[in-house]
Amino acid sequence: MKASELAAFLGGTLEGENTEIYACAGLEEARKGDLSFCKDPKHVKLVETTGASAVLLPPDWTHGAPCAIIRVEDPNRACMKAAELFAPPEPVRAPGVHPTAILGPGVTLGENVHVGAYTIIEKGTAIGDGAVIEAQVFIGENCRVGARTHIYPQVTLREGTVVGADCIFHCGVRLGGDGYGFNNGRREDGSVYIEKIPQLGIVEIGDGVEIGSNTTIDRARIGRTYIGPMTKIDNLVQIGHNVKVKGYSGLIAQSGVAGSTEIGYGCLIWAQAGISGHIKIADGVQVGPQAGVPQTLDGSLKYVIGAPAMSMKDMAAITLAPKMIAKLKAEIKDIKAKMKV
Amino acid sequence: MKASELAAFLGGTLEGENTEIYACAGLEEARKGDLSFCKDPKHVKLVETTGASAVLLPPDWTHGAPCAIIRVEDPNRACMKAAELFAPPEPVRAPGVHPTAILGPGVTLGENVHVGAYTIIEKGTAIGDGAVIEAQVFIGENCRVGARTHIYPQVTLREGTVVGADCIFHCGVRLGGDGYGFNNGRREDGSVYIEKIPQLGIVEIGDGVEIGSNTTIDRARIGRTYIGPMTKIDNLVQIGHNVKVKGYSGLIAQSGVAGSTEIGYGCLIWAQAGISGHIKIADGVQVGPQAGVPQTLDGSLKYVIGAPAMSMKDMAAITLAPKMIAKLKAEIKDIKAKMKV
Amino acid sequence: MKASELAAFLGGTLEGENTEIYACAGLEEARKGDLSFCKDPKHVKLVETTGASAVLLPPDWTHGAPCAIIRVEDPNRACMKAAELFAPPEPVRAPGVHPTAILGPGVTLGENVHVGAYTIIEKGTAIGDGAVIEAQVFIGENCRVGARTHIYPQVTLREGTVVGADCIFHCGVRLGGDGYGFNNGRREDGSVYIEKIPQLGIVEIGDGVEIGSNTTIDRARIGRTYIGPMTKIDNLVQIGHNVKVKGYSGLIAQSGVAGSTEIGYGCLIWAQAGISGHIKIADGVQVGPQAGVPQTLDGSLKYVIGAPAMSMKDMAAITLAPKMIAKLKAEIKDIKAKMKV
């Protein structure tokens, strides 16, 4: 799209070359063909060195730019509007079942459901109105998927999984695996045994839950592994059997929650954090990146970090220990010197 | 199922409303329609606040319950029995090859093998008696899969993978990927090169191994990456090329083992732990959650924690350093005060 | 293959039994039927205890071996040559589109492209000459895949993904997922809201990039998440939206990079390391295993370790704190004793 057309679309004015624009990007990553934006003169250096072909700037910008300028009232907002223009069009998943999809006996589909190619839905499963089940998905027996839920390609739901409305599951999500459950020990004759514990429960997902690529959530030993409404889970997260996430919480990439733990409302579990089994995280608590939580957090700390997880202050004290030690060492040296006098 | 029917099935007696029961759950997560259980009066508070519709209690329970009661001799055992009743029925994977499965030339199937829809088994591969290869699986050329091994949907086995009998692979398991192997450096002219090292070996899995969802195990550079018998691997675990796990060990979720490392018999690698390459973990050693093991553990420590991995005692000393420092600081202040006198 | 044939093939001489050889392996993991190798007499103990059926040794080896010996000039090199012989033959992916592959309207394939069974390529996507798209792959609308790029089974590329030439994507790679992006807070009436932020950008992968099994790379919020040329990414790695990896870098297994971070040329991010969002890692910096990087690394440190990431020296000081404290304690005790005198 020509910069002039873009300027007209955004209600701005073009200065400089009427260059061709293909995409939006931040000032630093932008390259030829990109539109970027800046609102604040404090980023003038980034504007001066940007590789963009055009930049959205406010009317009162006096620092120039090394490329075409489109002046608009609100550069951030204008760039978002332009980004929507350049975004790959969202694929249309029209209602209908692809002829290669395989639906078992007793499968019920609501109105306007999309089922993609090579998808398998096994017997007794019910899919709600307006749900989109993309290609190459596997949904086992007797599952329920709520209205308008969108399941991207190559997701697997094992038998009995229950999913609410308005959920989004990204590629490679695995719901309802057996998880890790074994009895082991030694028999009287000294030989070792390892026996699988049957995992008889299910996974239940509330409304409005989003689950990132390749995240795994295990079925319960008995009862349900439960992810409450509006919980947002990032990529490559592991949730063990019988975990209960009450709802409105976030779990960032590569974090893990061990079996039977309960996570309260409005918690935020940062990336790569690990939470032990059979404990509770109180409502609203944040667990910092890479933190390891060995026991219940009752909410008296709102943010924990480190392993074992502690307050920021306690963590800082450990990190500062070498400095404190050096100081004490100097004082002791000083005392000794004085004593000899 | 009516509570009265359930009571009869479990050999117990019903007190209170003959309510409808749909599932089992622990006292805390239970809700309307759930059966829960309690054996020990010390959990009386959890019984009093449970949301269950009925609860299994011992004959001598005198504390009542806010819902129907079914009295049985052993509430835990009875609840497991009930859980089996309510568990989603295990899907039947009858012997036979789905018409959409694609089998290459020279593929041999044992007796009573199940091959699911849209599964691909490439030439020269042999599947043992009673194996279940579910839908949408990919098994490359010249693999061997042992008797009764169960492979869930969307697993991939690259060419040459050898799998024992009685294994279970959950959805999204990846066996035989190339792993990370590159030669890099600078040429005489100063330019950088990065060359792929051919990964010529295979993955070999012993009997009775279970592998969790989305776990990845790389093929060997030469020879085999080997997972010994009865090893149990959780979800999202990474095993590098030429790793050797002798057997009867457990690797919990999101742990990782770098290339050419050997893990002894009966080890337990806890969640999110990382083990460096080219080292050995002696038989029976446990590596704690999030621990980082940079060098061989010869078994003189039975449990390590922290990064670099150390004993519990050494780890505690680091965590307690700030307290110790504060104590020394006070003592020095005291000495100084006395010296001035 | 007979040991004598192998000796002839490798230009060596056989001593001892003309045994049958099936595979190559290191001295320690080798078992009956394996060929192993040793060059250096310092490993004589490993030779003495190897389970191999034959071992490649240099002409001047005088320590014998518990199995057949094949003497060659360069045992390491000879073993690599033999390993190629025993390696599972690389599957032939001949040009052509499998009849079960589904290609949308406007898909263009270069010359000699392979498209495997049950693979889906959606409308408007272009695949370059000589590319291999294996079975059960999903490539969304309007993607571009460069020449000779090899995509293994069960990879998913969401719409708009751009991939360079000569890339390798292993099984289960997920490109272009939405990532984690939400606006949340409280409305004036006190109720909580969590709104999805549209992810309007794409993923762009440079030439020669290799991506390991089950690794996930999120699409940009606007613009592109960019992985520069020759970057090598291991298994189970997470790359957030709008991350920029300039090129010629390595990211080892289970590491993660949060949104909008830039990684310079020639960096090495070791296993399980985590890098925060909106920061920069300077060219050539290495981030150690399990390190957590909260802020920009400007290159003044070439290697960091720990969380928060620091120099090796600073890390050592923390680990040594308990020892230093014990020493100071002894000195204080000594001072007190003297003062009393």
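The chains carry the letters A, B and C, assigned in the order they are written, with residues numbered from 1 in each.
Here, a contact is a pair of C-beta atoms (placed from the backbone, for glycine too) under 8 Å apart; a residue touches a chain by one contact, two chains touch by 3 or more.
Because the structure is predicted, anything quoted here is derived from the model rather than measured.
Judged by shared residue numbers over all numbers used at their interface, subunit A and subunit C contact each other through mostly different positions, with under half in common. Remark: rotation between subunit A and subunit B after Cα superposition is 120° (nearest 5). Chain centres here are Cα means. That of subunit A falls 22 Å from that of subunit C. Looking at subunit B, one finds that residues 118, 136, 154, 172, 214, 236, 254, 272, 290, 318, 321, 325, 328, 332, 335, 339 touch two or more other chains.
Every residue of subunit A that touches subunit C in the complex is listed here, in rising order: 23-26, 28-30, 34, 79-80, 83-84, 86-91, 100, 116-118, 135-136, 152-154, 168, 170-172, 208, 210, 212-214, 230, 232, 234-236, 248, 250, 252-254, 266, 271-272, 289-290, 306, 318-319, 321-322, 325, 328-329, 332, 335-336, 339. Only residues 102, 118, 120, 122, 136, 138, 140-142, 154, 156, 158-160, 172, 174, 177-180, 182, 192, 194, 196, 198, 200-202, 214, 216, 218, 222-224, 226, 236, 238, 240, 242, 244, 254, 256, 258, 260, 262, 272, 274, 276, 290, 292, 294, 307-308, 314, 317-318, 320-321, 324-325, 328, 331-332, 335, 338-339 of subunit A touch subunit B when the two sit together in their complex.
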